[in-house]
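Structures incoming, each one as structure tokens.
First subunit A sits with subunit B, and in the next complex the same chain sits with subunit C.
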Partner chain A sequence: MSEELLKIEGLSINYKVYEDFFKVVHNASFRVGQGEKIGLIGESGCGKTTTMRAIMRALADNALITQGQILFQGKDIIKMSPDEIQKIRRKSISMIFQDPTAALNPVFKIGEQLTDIIRYSSQAAGKHLTKEEMKEQAVEALKNVALPDPERILQNYPIQLSGGMRQRVCIAAALISSGDLLIADEPGTSLDVTIEDQILRLLAGLVEKRRTSIILISHALGAVKGMVDRVYVMYAGSMVEVAKTDDLFSEPLHPYTVDLFKTVPKITGGGVPEPIPGHIPDYLNPPMGCRYYPRCKHAMPICDKEVPTFRHQGKDHEVACFLFEDVN
Partner chain B sequence: MAEEILVVKSLKKHFKTSMGTVKAVDDVSFSINAGETFGLVGESGSGKSTTAFTIMGIYPPTGGDITFQGKPLIGGVKSRPRSLKKDMQMVFQDPGSSLNPRRSIGDILELPLSVHQLFEGKRKERIDDILNMVGLPTDFVDRFPRQLGGGEKQLVAISRAIATEPAFIALDEPSSALDVSMQAKIINTLLNIQKEYHISYLFITHNLSLMRNVAQNVGIMYLGKLLEVAPSSEFFTNPLHPYTKMLISSIPVITSEEEALKPKKIVSTGEIPSPVNVPKGCAFNTRCNECMENCKSMEPQMIEVEEGHWVKCHPFTPKA
Partner chain C sequence: MTEERKRNLKRSWLKFGSNPLSVLGLVSVLLVVFLAVFSPWVAPHPESWAKWVDFKNALLAPSWDHPFGTDVFGRDILSRVFFGFRYDLLMAVSILVLVVPLGTVIGLIAGYYRGSLLDTVIMRITDIFLAIPSIVLALAICAMLEPTLFNSMMAVSVLWWPWYTRLAYGIASSLKNEYFVQAAELTGASTPHILFREILPNCISPIFTKMTLDVGWVILIGSTLSFVGLGAQEPIPALGTMVAAGTKYMPDYWWMTIFPAIAIAFTILGFNLLGDGLRDLLAVEEI
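What follows is the complex of A and B.
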């Protein structure tokens, strides 16, 4: 096993709403090794983005971390002072957001936005760059993401670029300050299929070259399959299954994973995708036991009362479901 | 041969802007058989929605003919008889903005019935019926759109479209804004309705794998032009146009059988050019990996290669 970079233990996050709490993330655990590529899949509203935002300490104001720890290189991010977390954002972890249009400031030129990032991240690394050096780095960053004519793009406002180009700018910006970990939150979802393909290939190449770890969140299960080493499946705020990518796609175990794969239409034809009956639970009163219990075809009496823990199933394959016995 | 319900012939829709004329739909021809689904695929900005809007009459066409149930459709929605609108309905992409936020679901569903004077005296029953058809509880009539989730809103939009018992529905990306699981539910509902009431669909999406499973015939659009039309099984097993091959090879898949079906990896490059300056010759020549000399100067013709399989690409054009 490679060295651990990030370890989330028993994380729970609630959102304060009027007179009550949305209990969204519930006892989630997660591990990223040095240089490892991780996928995170699940329906929308399953707490994927909330978990990732917790790593960046960029949660909304009404979010409360009720328990658990997020260890980054051995230090708990939740307990860090604002200065420390700022330093981490500037040089260690960065995030690509789902919507590149909302992630870029519309009233500043791309060049200004990139040089700001370069200035602060180089300061965090203890270097002081001249204006020319910063511009050089900005051009270099745009070249890395295969944008044509970087000098001109530095002078453009975000509105002058297409969606694919904006997402490339966001990737360039994220790569400047991502020393150790890059979090990509559905980087291709708002783009066309050919552009999404280009963006994901680009990300894979850059991550490979720089040996950064990456967490890729996506609805496009196929995209995840082609790119990552290990996949976590998240349902209603908890991890329900984790396995090596090939194992998970060839032999999904958790009923939710099986059902989720069935919803994907196949290009070989063979009929209409099958929906999962029901919806994700009401986070005000989530089920006591396994949160998938109300929708599960294999539900047993115990599922309603107890929360299943992770059970080992072969190498690196763990599943949180009472159907399986721990084989270790 | 099944009966054709809708025939579109060299349809054109151009918009004049300060930067020049945008040929949003340029010379598009296809036909839809009764009770079948025709799928229109393409990247954003390729003119799929504009095609649907023009057929529905939301935009009056710049040129070309549309024939519906044997009768020609002339001009925009204002010049069409009301009885025709009863037979042609549309479901929009974003259910959040296509339902009136100040009307209850009951009001929303009653409107098409009262406009077309249908089910006089039995409207309440009809509304319950159509809610049942899409699998929504009947007590939704007293709810407002904001109280529903995205998928439920889309189901309401679908039940509004089927309220008048139409023969044809244009579906503009009905499931794109939704989650995979909800998407599967919407698609299943639509297909069940189609089977039961023999409705024809024009189905617009950019999700090719979904298209494979719902449409009998597929057309692929690029910069306002139709590049290839084929029966959907043929479309995936024997794609001819380089753009189709590029699209299919970009689909991310999850099983190895699917992987085997995909054409050899064609690395997609470039982005869609601006529709104001469509490249000369073949519109796809800037991104095509099989581009030849005459692709840049001459626009290829639509050729029927096999029965029902049309392609617009120079290598398939017979030598004159």
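What follows is the complex of A and C.
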């Protein structure tokens, strides 16, 4: 295991709603090594984005971190001052949004927006660039994301570009300021399949070249499988399983992971995929024990009462389920 | 690049020109501005502007020599109207130059920090100013101070900024949740950058439109203050003062009141038409 870049421990996040709390993220733990590619999967609404936003300290106003710590290069992000967090945002961590098409200011040209980011991130790194150098970097950034005719695109307003192009501009912008960690929150959602594939390859390539770590959140399990080193499976705010990509896909252990993989439609046909019965628990009153218990086929009496901890199952394979014994 | 800008300008001009009322507004505004700037040269009797007495020609009805007639001191009303544009425009422009940046910046800050204590404090103060009828507030302030042109300008400024604060607040607080503002925050942009480079440029067109429309209203309220004797004082030829001076001689010497009043109406109408035209122009450009 390479050097640790980011480590989340026992993170719990509640959302304050009228008179009560949505207990969304519950005791989540997470580890990213230097230059490691991590996948984060799980169904919609299970706290993936919330966890990522906590890393960027970009949670909504009504979100409360009730316990846990987020260590980035050994320092706790939760306790950082606004100045420190700004510095991290400028040069260390960047994030690609779920809907990056809206992430561009409509009244400025692409070029102006990219240069702003380049100026900020280079200032944070202690460099001062001339206008020409910044423009060169902007062109380079657009070339990196396979945009044709970058010179012209720099002169365009966001409205003049298609959704996929805007998304690539945003990815280019995110890559500019990502020194150590890039969080890609479903970067492929508004791209067509061929471009999505291209973008993911591109991300993988860039990440490898620069030794940047990446956290890829995606519903496209195939894309996750093809790109990342390790995969975390999240259900209802807790990590339920983590393993090397190949191990996870060849031998999923947690009942949720098994069920999740069954829901994927196969390109070979072979019948309608099997959905998971039930739905994500009510976050106002989540189950006392394992949060997957109400939907689980293997539910046992203990599941209702106690929260399962991570159990080691072979190398780097951990699962939070009472069905398994710790083999270490 | 300049080629493209030229083309955009031409397109905007064609769009603006397609509405005859907007063009009429622009022409009236340009005319008023021209007359105001060059009044010493275009006025037929430039000596009439202030302290000038010519009792031989007092209270003359409109004629070729004095198209708008003369007042009790024999001053040419047409010339005084031209000079009056000067004072009224000066008042409107200085008030807006003072008020618009101030109100906008306060509103931006309150909007960006929406939900915080700062927002509450700023917006409740704004609400207090908005709750008092503006003309009453202006009258109160002017009555407290010495009635001069400068003091009436101050009074109007005090009651005018909350409108811009409200406008900027509304836009800023909705833009604050837009992805591009969040994205800027997440790339580590500083607060001034977010306020002035991300949010402000998106507020420019409504603020600009409101400014144009407001020139008319500021002139109106300034004239009202002059009319009740709390604004510019004789012999300064502010339009409101001239209307007030003429009322004593109504209806026999009607031209002393009617012509300055028409001048006020003409100016306000011109600015309103222009403002409407600009609003349409910018609204379409925005999409």
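The criterion applied here is as follows: the second predicted complex is superposed on the first by the 328 of 328 C-alpha atoms of A that agree within 3 Å, B and C clash if a C-alpha of one lies under 4 Å from a C-alpha of the other, contacts with A are read in each partner's own complex, and residues count from 1 in each chain.
By our rule, a contact is a pair of C-beta atoms (placed from the backbone, for glycine too) under 8 Å apart; a residue touches a chain by one contact, two chains touch by 3 or more.
If you're wondering where the values come from, they're calculated on a predicted model, not measured in any experiment.
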Combined model on subunit A where subunit B meets subunit C, clash or fit: fit
Partner chain in contact with A:A243 - subunit B first, subunit C second, else both or neither: neither
More subunit A residues in contact - subunit B or subunit C: B
Which superposed partner A:S94 touches (first subunit B, second subunit C, both, neither): second
Which of subunit B and subunit C A:A184 touches, first, second, both or neither: neither
Subunit B versus subunit C as contact partner of A:A141, first or second or both or neither: neither
Subunit B versus subunit C as contact partner of A:P106, first or second or both or neither: second
Which superposed partner A:Q86 touches (first subunit B, second subunit C, both, neither): second
Lowest inter-chain C-alpha distance for subunit C and subunit B in the superposed arrangement, angstrom: 16
Touching both subunit C and subunit B, counted on subunit A across the two superposed complexes: none
Parts of subunit B lying in touch with subunit A, wherever the complex brings them together: 43-44, 149, 179-185, 187-188, 191, 206-210, 212-214, 232-233, 236, 246-248, 250-255, 257-258, 261-262, 267-269, 271-272
Touch list for subunit A against partner subunit B, complex: 43-45, 162-165, 192-198, 201, 219-226, 249, 259-261, 263-276, 279
Interface residues, subunit C side, partner subunit A - complex: 1, 115, 178-180, 182-190, 193, 197-198, 201-202, 204
Residues of subunit A defined as touching subunit C within the complex: 56, 58, 61, 86-91, 94-95, 97, 99-100, 102-108, 116-117, 120-121, 124, 155, 170, 173, 177
